[in-house]
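Worksheet: the structure to be examined is printed underneath.
Chain lettering (A, B and C) follows the sequence in which the chains are written, and residue indices restart at 1 in each chain.
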Amino acid sequence: MLTTIRAAACAALAALPLLAQPVMAQDKVLKFATPQDFTVVYTFVTAEYNQGYRDYITLINERGGLGGIKIDVLVSDHGNAIQRGMEAFERSTRDGAILVDPLSTPVSRALVTRALQDKVNLITTMSGRSDAADGTVFPYVLPMSPSYWSQVARMVDYIRQEEKDLKGKKLAYVYIDTPFGRESLPLWEALAKKDGFELQTYPYAPPGNEQSAVWTQVRRFRPDWVFIGGGGVGQPVSIKEAIRNGIRVDRIASWVWLSESDMDVVGRAEAKGVLKFAVTEQGADSKVIKDIIAEVVDKGKGAGPKDKVGTSYYNVGVMAAALAAEGARKALEKNPTGPFTGEWLNAGLTSISKFDLGGFLPPITITPEDHQGGGQGKVARWDGVKWVAVTGWGAANQDIIWEMIRKQAAEFKATGK
Amino acid sequence: MFYRQAGIRYTSYPAERQLWPLGIERVLMGLILALALIAPALLSPLLLSSYLLPWVIWSIAALGLNLLMGGAGQIHLGYAAVMAIGAYSATHAARAGLPFELSLLVAGLASAVIGVIFGAAALRIRGLYLAIATLAMQYIVDFAIGHIPAISGGTQATVATPTPRILGIPVEGPVGGYYIALVVCIVVTLFMLNLRRTSFGRALAAIREKDYAAEILGISAFRYKLMAFWTSSFIGGVAGAILVFCYYRSVSPEQFHLETSVQLVAMVIVGGLGSVLGTFLGAALILLAPLALSALVASLASSGLPIGSDLRAHLPLVLYGALIVGFLIAEPLGLAKLYDNARKYLLVWPFRHARS
Amino acid sequence: MGDISTAAAGSPPILSVNNIEVVYDNVFLAVKGVSLDVAEGGVVALLGANGAGKSTTLKAISGLLKPERGAVTRGDIAFRGESLLGLDPPDRVRLGLVHVLEGRRVFEHLTPRENLIAATSMHRDRRGVKDLIDRTFTWFPRLAERAKAKAGYLSGGEQQMLAIGRALMTEPKLLMLDEPSLGLSPLLVDEIFDILRKVNAEAGVAVLLVEQNAAAALDFVDQAYLVDNGRVVMGGAAATVKANPDVQAAYLGGGHQVDYAAVKHYRQRRRWLS
C-alpha cells in the first residue's frame, strides 16, 4: 500500500508543472526562447552558444533595453529529441515567445511546418535546412547565417586561391553519415565540375569516435586537401586520423564546427595550421566582447564562466542574439506599438540591413527573399594558441548555391503541402 | 471498499469471462473514455498537443510491442524501425494520392510483411540472440531509409505529410489529429484486452511460457510466432503512420532511431509486461516524465531557486532516471503491478487476506 | 489429538518454528499458524496434502519466500535460539541449515564434482573441500561413478542424490528436504532414505522432511507433523501418528476398516480448526 501512495505522490509531483499557469505576461517584454540540446548531441556547442546569447541580451537590457523594452530569454533543454523540442516549442509560444532558436538540425527540421503555421520565427543559426534561405518559401524560418553550402564554397574558393588552379588537384570530403553531412554532397559535385578538381567523398558512421577504417581509404587516395564535415566528437578524431595518415596539417579544412576545445583534444601544438570557416571575429578582442566583459561579466551578471567568453561558439551565440535584437529594433522602428507578435518581429528581422556589429560580423542584410544574409565569412587558421583570421570577409559561388536553394525550396513548396 | 465482489454470482460462462467483472471498474472505464472524448474541451492546447496526443500515440505503439514482448515473450529491439516502415509507407502512399484510411492500411501491411521477415529469426533463436537479430533490423532499416533518396526525400531528408482526410474531409490541427489517434487507440486497446480471451492469445501465452511445451499441445510455434510478429508489426506500422500524420506532420529518419526503440522497450517493461493498463502507464512515465520534470525544474529555477543553467538541463534527467529506478525497485513487475497491489488490497478490505 | 510439542524435554530444539503466518502477494494467506520443533540430530517429517502449506513452511525457514513475493507476517523462526527472520538465505546457510529444493535443480551444465565444489564457495580451507567431496562420494557411491558426466544427463534418482550431496557440502546442522521421493521408483526411494539415515547417524545432521509419500516417510522419521490448510493439525512420535486411524484413513490408504463416523468427526474438527 505504501508503494501505491508513493507512486501517487510521484505522479502528483510530475503533474505539478502542468497545472502551474504561466506568469502573466508583463507589458513591454519580448520573449525569445532557446530550447536547446544541453545534454545529448550538441553538448559541444550549446553551453557556450547559449552563454554568449544570454550575455549579449543582458548587455542590451543593462543598457536600457530597446527603447525601454527588455528581452527575456527562456532557456530549456530538449536533448535533441524531436518530441521534447515540439513540447518546448508549444510551451514557449504559449508563454509568449515570438522567436525560437532550437540550435539542432533534427529539431528545427521537425519544427518547420509548425513555425510556418503558427507564424513564430524559427531561428536556425548554423543548423537546420540550407534551403530555408529562400524566404519566399520559408517566411518564418531564418538561418541568418552562412549555410553549410556557403561555408564549403568559401573554403573551396580559398583553396583554389592558394593553389592558383584546382585542375587535377585531389580533394577529399570526409563527412559524418547523417543528413547534415550528406547535405553538401550535391554542392561538392557542382564545385568539382566547375573548378575541375578530382573529388572523393568518404562517409563515417555517426557519432564518429571511430574513423580509422575510413582514413586508410583516404590515405590511398593521396588527397592534396582534406575537408572534414562533422560536428562535435567526430571533428578532433578526424584531424587526428588525418595527421596519422600523413596529411599535412595545413591542408586540413573544415566549416564552422571547430573550437578551442577541439584543438585541446587534438593537442594545441599538433593542430597548428588547421583551417576553418569563421562567421564572426575570433577571440575576445572585439569591441562587443570587451563591452560584454565590462558591463555584464565583470558585474557578476554573466551567464557562465568567464574563461568561456570569447570562444568560437560563444561568439556565434553573440551573433545570433545580436541579429535577433537588431530584428526587434527594426520592428520597433517600423511599428513602435506592436502588437508584439511573431509576425511583427518577422517584419523587423527581414529588414536587417548591412548590420555588422562594429566589425564583429560581416555586413549582414536579411530580406523577405534572402534569409541567409550574404553567406560571408573569414577563413581562420589555428596558430597553436588561438584562431587567427587569414582573409577578410567574403563569400563565393553564391550563384550556384542560390540555384540549389531555389530548386530544393521549390521541391518543398510543391510537395510539402 | 469500492471494489465490492460480494453479490457477484455468475450464471453463465460469458458473464464470468467479461472484461470488467467489477462494477466499479466498468464505471471507471466509462469515466476515462468520457474524459478522453471531451479532453480537447478541457485541456489547454499545450497539454493536448504536447502531452495527451503523443501519449495516446505512443501508447498505441507500446501496446503493439507489448503484444510481442508480454504476450508472446519475444523481445524486439528494433520496434522503432517497424514504426518507421509504417510512417514512410503511409506518407508516400498518401502523397501518391491514396486516401488516408487506405494509407494506414498500407502502413500496417508494409510493416507487417517486413516485420515478419525479420521475425522469422525468432524461429531459430530466442532471448538475447533474438535481441541482436532485431537490433540488426533497426540498423538495416535506418540505413535503407537514410540512403535511398526516394524514401527519405532527398538531401533534406524530411518529407512533409499531407493533411489526413477522413472520408475526404480534411482533419486539421491537433484536435483532429487527437481524435484520429484516439479512435485507433481504442480499437487497439480493445483488441489487446480481448486477446487473452481468444485462442490466438492463449496460443501466444503458451509459446511465451515454454515453446516446446506448446508444440506438444498441438500449437504450431512456427505459425504463432510469425503471427505474433505480423500482428505486432501491423500495429507498430499504423502507430508510426499516426505519429507522423497526426503529431510530427513530417517524417525524417531521426524520429525512428535506436533510442526510440529502447524507449519503447522501456515503456513496456516499466509499465508491466503483458499488461494493457501498464502499457499506458509506462508510456506516460517514459514519455511525459522528462517533459514534466524539465518544466518543473525550469519553474523552480525561475521562481528564484539558485539553479545554474547546466544543472537546470541535467537535473531533470537525473530525477527521471531516479524515478524509473525507484519505481522498478518499489515494484519490479512494473507500474501495472502497483495498481494491482492496491486493487487487491481494496478487494479484500476490510479484511487483511483473501483465501488463496 | 496428539501432543503438539514434540521436542524432547530438556535439550533445546535446533529449529523452532513458532506460530508463523505466511502471506503471498500481500493478500493470499498460505500458512496460517504453523509451529514445529526439530531436536538436535532429530529426524522430523512434515506431512499433508497438496497445497497444505508444507513447502511454504520450508521456504519460510530457508528464506526463499522473497522471490515468490511472499513474506512471514507473524510468528518467529529460531535456529539454535537465534531468530532467522531478517537474514538472507546465504546467511542462513552459514548458520548451518540447508534446503534441498523440490524438483532437484542441479546445475545441468556442470559435472557432479563441479556441482559439489560450487556449494563450497564459503569454505576458506581448500583441503577441507577435498575431504568433503570424498565424504559425499562415500555416502553416494553412484555419484562417484558418474563424476565426469554432465549433471543434466544423470537419471532422476542420481540428480536427487546430487542435490542432497551438494547440500551436505555446506556442512549443515539441519538438512531440509522437499519431496525427495518425487518421481522416483520405490527401490530408489528406499536407497535414498537409507543414505539419509547413514548421514544422520554419522554426521549428526538433523533432517526436516516434507513428503507426500507418508508411508515411506513415517517409516524413516522419529517425529511427524500433519499440516492441513495452513495449520498443524497433529504432531507426535512417528509411531503414534502412524497408528492414528484418521491418518490411516486419510493418508496411508488403510481404507479396509474405515470408521466413517471417525472420518466425519475428523473432517468436522479439521474445518473447525481452520
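Quick note on the criterion: contacts are C-beta pairs under 8 Å (C-beta built on N, C-alpha and C of every residue); 3 or more make two chains touch, one makes a residue touch a chain.
Being a predicted model, the structure only gives us computed values, none of them experimental.
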Chain occupying the most central position, where position means C-alpha average: B
Chain pair with the most C-beta contacts: A-B
Computed distance of Cα centres, chain B from chain A, in Å: 36
Centroid distance [mean C-alpha coordinates] between chain C and chain A, Å: 73
Cα-centroid distance, chain B relative to chain C, in whole angstrom: 47
Sequence positions of chain A contacting 2 or more other chains: none
Where chain B touches two or more other chains, by residue: 341, 345
Of all residues in chain C, those that touch chain B in their complex: 23-30
Contact set on chain B toward chain A in their complex: 44-47, 49-51, 54, 95, 146, 152, 154-160, 162, 247-250, 252-255, 259, 287-296, 298-299, 302, 309-310, 312-314, 316-317, 323, 326-327, 330-331, 335, 338-339, 341-342, 345
Chain B residues touching chain C - in the complex, by the definition given at the top: 341, 344-345, 347-348, 352-356
For the chain A and chain B complex, residues of the former touching the latter: 1, 3-4, 6-7, 10, 13-18, 20, 23, 38-39, 47, 50-51, 75-77, 79, 81-84, 86-87, 90-91, 94, 106, 109-110, 112-114, 129, 131, 177-179, 182-183, 185-186, 303-304, 408, 411-412, 415-417
